[in-house]
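Naming follows writing order (A, B, C and D), and every chain is counted from residue 1.
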Amino acid sequence: MSRDFPGEAGRDRLRSALEQALAEGRRHVNRGKVAAYIPPLARADPDALGAAIALPGGEVVAAGDCRHPFTLQSVSKVFSLLLALERLGPGAVFSRVGMEPTGDPFNSVLRLELAEPPRPLNPMINAGAVAVCGLLVEQLGPGSFGELVELVRAAAQSGSVDVDEEVYLAEKETGHRNRALAYFLKDLGVLRAGVEETLDYYFRQCALRVTCVDLARMGLFLAAPPGSPAPVCRELIRMVNAFMVTCGMYNGSGEFAVRAGIPAKSGVSGAVMAVVPGRLGVGVYGPALESRGNSVGGVELLVALSRRLDWSVF
Amino acid sequence: MSRDFPGEAGRDRLRSALEQALAEGRRHVNRGKVAAYIPPLARADPDALGAAIALPGGEVVAAGDCRHPFTLQSVSKVFSLLLALERLGPGAVFSRVGMEPTGDPFNSVLRLELAEPPRPLNPMINAGAVAVCGLLVEQLGPGSFGELVELVRAAAQSGSVDVDEEVYLAEKETGHRNRALAYFLKDLGVLRAGVEETLDYYFRQCALRVTCVDLARMGLFLAAPPGSPAPVCRELIRMVNAFMVTCGMYNGSGEFAVRAGIPAKSGVSGAVMAVVPGRLGVGVYGPALESRGNSVGGVELLVALSRRLDWSVF
Amino acid sequence: MSRDFPGEAGRDRLRSALEQALAEGRRHVNRGKVAAYIPPLARADPDALGAAIALPGGEVVAAGDCRHPFTLQSVSKVFSLLLALERLGPGAVFSRVGMEPTGDPFNSVLRLELAEPPRPLNPMINAGAVAVCGLLVEQLGPGSFGELVELVRAAAQSGSVDVDEEVYLAEKETGHRNRALAYFLKDLGVLRAGVEETLDYYFRQCALRVTCVDLARMGLFLAAPPGSPAPVCRELIRMVNAFMVTCGMYNGSGEFAVRAGIPAKSGVSGAVMAVVPGRLGVGVYGPALESRGNSVGGVELLVALSRRLDWSVF
Amino acid sequence: MSRDFPGEAGRDRLRSALEQALAEGRRHVNRGKVAAYIPPLARADPDALGAAIALPGGEVVAAGDCRHPFTLQSVSKVFSLLLALERLGPGAVFSRVGMEPTGDPFNSVLRLELAEPPRPLNPMINAGAVAVCGLLVEQLGPGSFGELVELVRAAAQSGSVDVDEEVYLAEKETGHRNRALAYFLKDLGVLRAGVEETLDYYFRQCALRVTCVDLARMGLFLAAPPGSPAPVCRELIRMVNAFMVTCGMYNGSGEFAVRAGIPAKSGVSGAVMAVVPGRLGVGVYGPALESRGNSVGGVELLVALSRRLDWSVF
């Protein structure tokens, strides 16, 4: 049982807080819309909302629509960044991608043109994530995608995490904006691997399929509570948590930091992975999105939980 | 004595860490330049570097060039924001200024033109801070500057914090870029108080004069350790700490979050105030700045301290 | 009688073409809106449309709502540029303002921040016109405004052209965006005269009051037909005509060049002055504006006239 | 013999003016650099400068380095635009590309993101030219490239104009920035043909190989002097001439309009085609480029010629 919620009473308190936060989140769901650019995302139930909390001892508390599998989408950026940091080192990674948040949308190309040196502002926007994938392909070969899957499986404590082929193929077919970003990076010399090989890596990581429970455990992995096995260096995990706070929630990151005060990363599938450093992980699924691409219900659920349970790192 | 550094041994360990971090910071000082836009800043000693750490019990550990008084400059933005949040409420404040970090320089006007709704992206860039000052002037009158001074004095536990008239007048005379921002805000309807009255408030808060020890206690005030008197609501303090992490270090904020992992706010005087939430505050003075406006030596000193003493909130 | 329209028959053909073009223009008037930012402009009749053509021999053909006096607004930029070119030389002028058209709105500040060297892109956008006024004030003193009035009167062949005090005062009171641009230019070192003195010059030139006939004669002055007296060097007149083609119609300049093919300058009062080089001048008044700030009816009237009478310089 | 230069004496005067202008242009050549992004361009002689003037009667006056064949590069944009206007109509063309000049570099992607509606600002920047090629491929099939070659051959009065295969293949291999623009246009729905098919069209048109004399005749074709055969509607020719004035010389177009006052289009090979409407055409080759991509010597040569021979349309 965890430090935070010891014994039966602790678990009950946690479950009760989660149920109340879920109810709070549900009140906001109708403000959002599901992503419509590819059919498998467009088919999602806009009213769905579910969440799971993974505690250090292995226990998981879940509520709401927790059975739906969904794809990681941009949540995957956290793990390819972590893989690149671990395998290639911060020096190599940050020669290709910056560390600064940006007020621009996630698929913006504007900054690439204005940035000096010309490189993506951070690894959480699409251009930056493509640059990270390109570095992995360049240095470790396209086969390194297997390492990424292994890392995600280890974090999720689940061998069943795998690529959703339908989503992957749909992304690949319609991903012209990401293709534009990749060719721009190629022109800038930031991307040195093949464009299509790199995009293939990127589209496949976005299409990794998980559940809320998997996602909660992935958050717990990054929370790295004392005593947890540490397959990845603590300092690198802190780096990715920092990126989640400054730019994990697209251009709603600042607002989420102010309101919830914890690292989190969202994806256009409606996924949100949150990390309470040293303590626990949360996985949320709510496919109705606000205009910036974050789960409407998921954000409100996490804000409510963080306030009720005093999770803010600030 | 604090939880972190109990007894004589703890204090010795802290002092030793600070000395080593100071040495580390000093190695970088020659990469920077002092701000030259007004004479009182241009006169600063580029080699100066000093720091103080304020602990919950009232104890302060200091090292280096700690006697120099200096002006808060942008560090003051944190306290006018806090005053506005406390006196007028988050709803009023965030109707005039956003919460998102930006990749632009602190005095950029570009975003004002592109932002939708048209308002400053966050309260840590100049345009946002001017908007906050304008709201205070509009709602509470120019006399509310006295309240700001009281808040800073309470935080610094020092009645001697006051406006440096020479700096204030120099800023006022040369502040054309800030004047441009203010008139732009006026045109957008974000600024409703008088432009010159608002700028006067802004220039005076920038010119508040402190020492490293004052600044460290101001950081401790925002760290709000358990048991500390809480003249300001804890939730509002968390908000300003969140802003410091996402946009407190100009457009080096993301890098500082990744490297040091703690809330901090810098000023072009070379001031850096850092907050270790729940634990302690740090005040640094090092007037040699990198290109983005942060103290070169101050940043390296804080990164070294944070790593050595495990301060990261992530 | 002019080369283009010799004798009675020529005049009849011109009058008939003008009447038809007026009818064409009137069909579009309801797509526009009058400028509303100051009361004297907001009071304009949105349905008004009138035009006059001034021929080399002194003859004028007019049609529609030609009696309304109106203010020059941005049309005045052409004449302060011409004055600056003549009195200070192209070298001095183009050290402060560029020659390139821009896709940005007339009051944009964005380019000022991105341009390298930092100066307004051209003298037809507000920032550029303020820079030109500032140069005149700096080099010739604020009294040079009298010279500008004389130049406009000479061009209009009318001693009654004067500042509309109500418009001038209204612009001065509400001109926060222009004030922002001026302070930005001051900060960049492009504006070296006093900000308020410069803006006063600028607001007064915008408030110069004329009629369609005056405006047509001002266009004829710039057409500089063979045999006309030449108080201003022909080469400088060609320069301002070139600016009118590349950037005289705000960010509708390219479209107007493609459709009408003649130099023209518009103002938010609904004024449009057009120049058929070597041949004649046209003055149009139609206060209903399209989104970019050009007279809706005026543009269509000029396009119809140019096509019918084969005026394109291309 | 032409209206402008009748008889032997006229021809002598023209030849003398051209020789003097050539000497003027040569004085500036060493300020420039040849394009280096593909080997066939990088091999060009930086000191080369030559020009030819084509007169209505069929006569051509040439001087300097006129034997070098070179590729059209961006000059080709004028002819694919003309083909699209003629075959598909202005309505179809301007639904995909705007008419406004821009202060941005020719390969900028920034405007694509900010423009509303999202489409290239004009057909002379790369994004706009790719959009025009895409429209031709979409509506007429890739085989329409044959029509473009025929149009250029007819304009040049030369059956030997053809694709330089080495240049074409080099552009195709290294054209990542253009590929980025094309995928961006695909994402925006502006480009509906296949990306690679469209780029192939674009790269091949850029690689059309001509001489100064060919280029001068192409200019004469667009000058459309009275009595010349008119295989293309005069009004469409005026449109492309208007585009050349507002945006034919990259982001040096405004300056060229002010200094030379005639329509012209440049390419990174060092080609410049100039048009004196109703009168004559000029072809220039000078591979040393200024920073914006225009032939340094070519621009000065044309400015000198235009001033000496009074060519300005203004």
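Everything that follows uses one rule, which is that contacts are C-beta pairs under 8 Å (C-beta built on N, C-alpha and C of every residue); 3 or more make two chains touch, one makes a residue touch a chain.
Given the structure is predicted, the values throughout are model-derived calculations rather than measurements.
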| item | value |
| --- | --- |
| Intersection of contact partners for subunit A and subunit B | none |
| Repeat of the A-B interface, chosen from B-C, C-D or A-D (over half of contact pairs identical by residue number) | C-D |
| Interface numbering overlap (same over half, different under half) for subunit B and subunit C | same |
| For subunit A paired with subunit C, centre-to-centre distance based on mean C-alpha positions, whole Å | 55 |
| Inter-chain centre distance, subunit A versus subunit D - centres from mean C-alpha coordinates, in Å | 48 |
| Inter-chain centre distance, subunit C versus subunit D - centres from mean C-alpha coordinates, in Å | 31 |
| Per-residue overlap in subunit D, given as positions that touch at least 2 other chains | 114 |
| Every chain pair meeting the contact rule | A-B, A-D, B-C, C-D |
| Complex interface listing, subunit A residues touching subunit D | 108-110, 112-114, 176-177, 179-184, 186-187, 195 |
| For the subunit D and subunit C complex, residues of the former touching the latter | 98-104, 111, 115, 121-122, 237-239, 241-243, 245-247, 251-255, 257-258, 261, 263, 277, 312-314 |
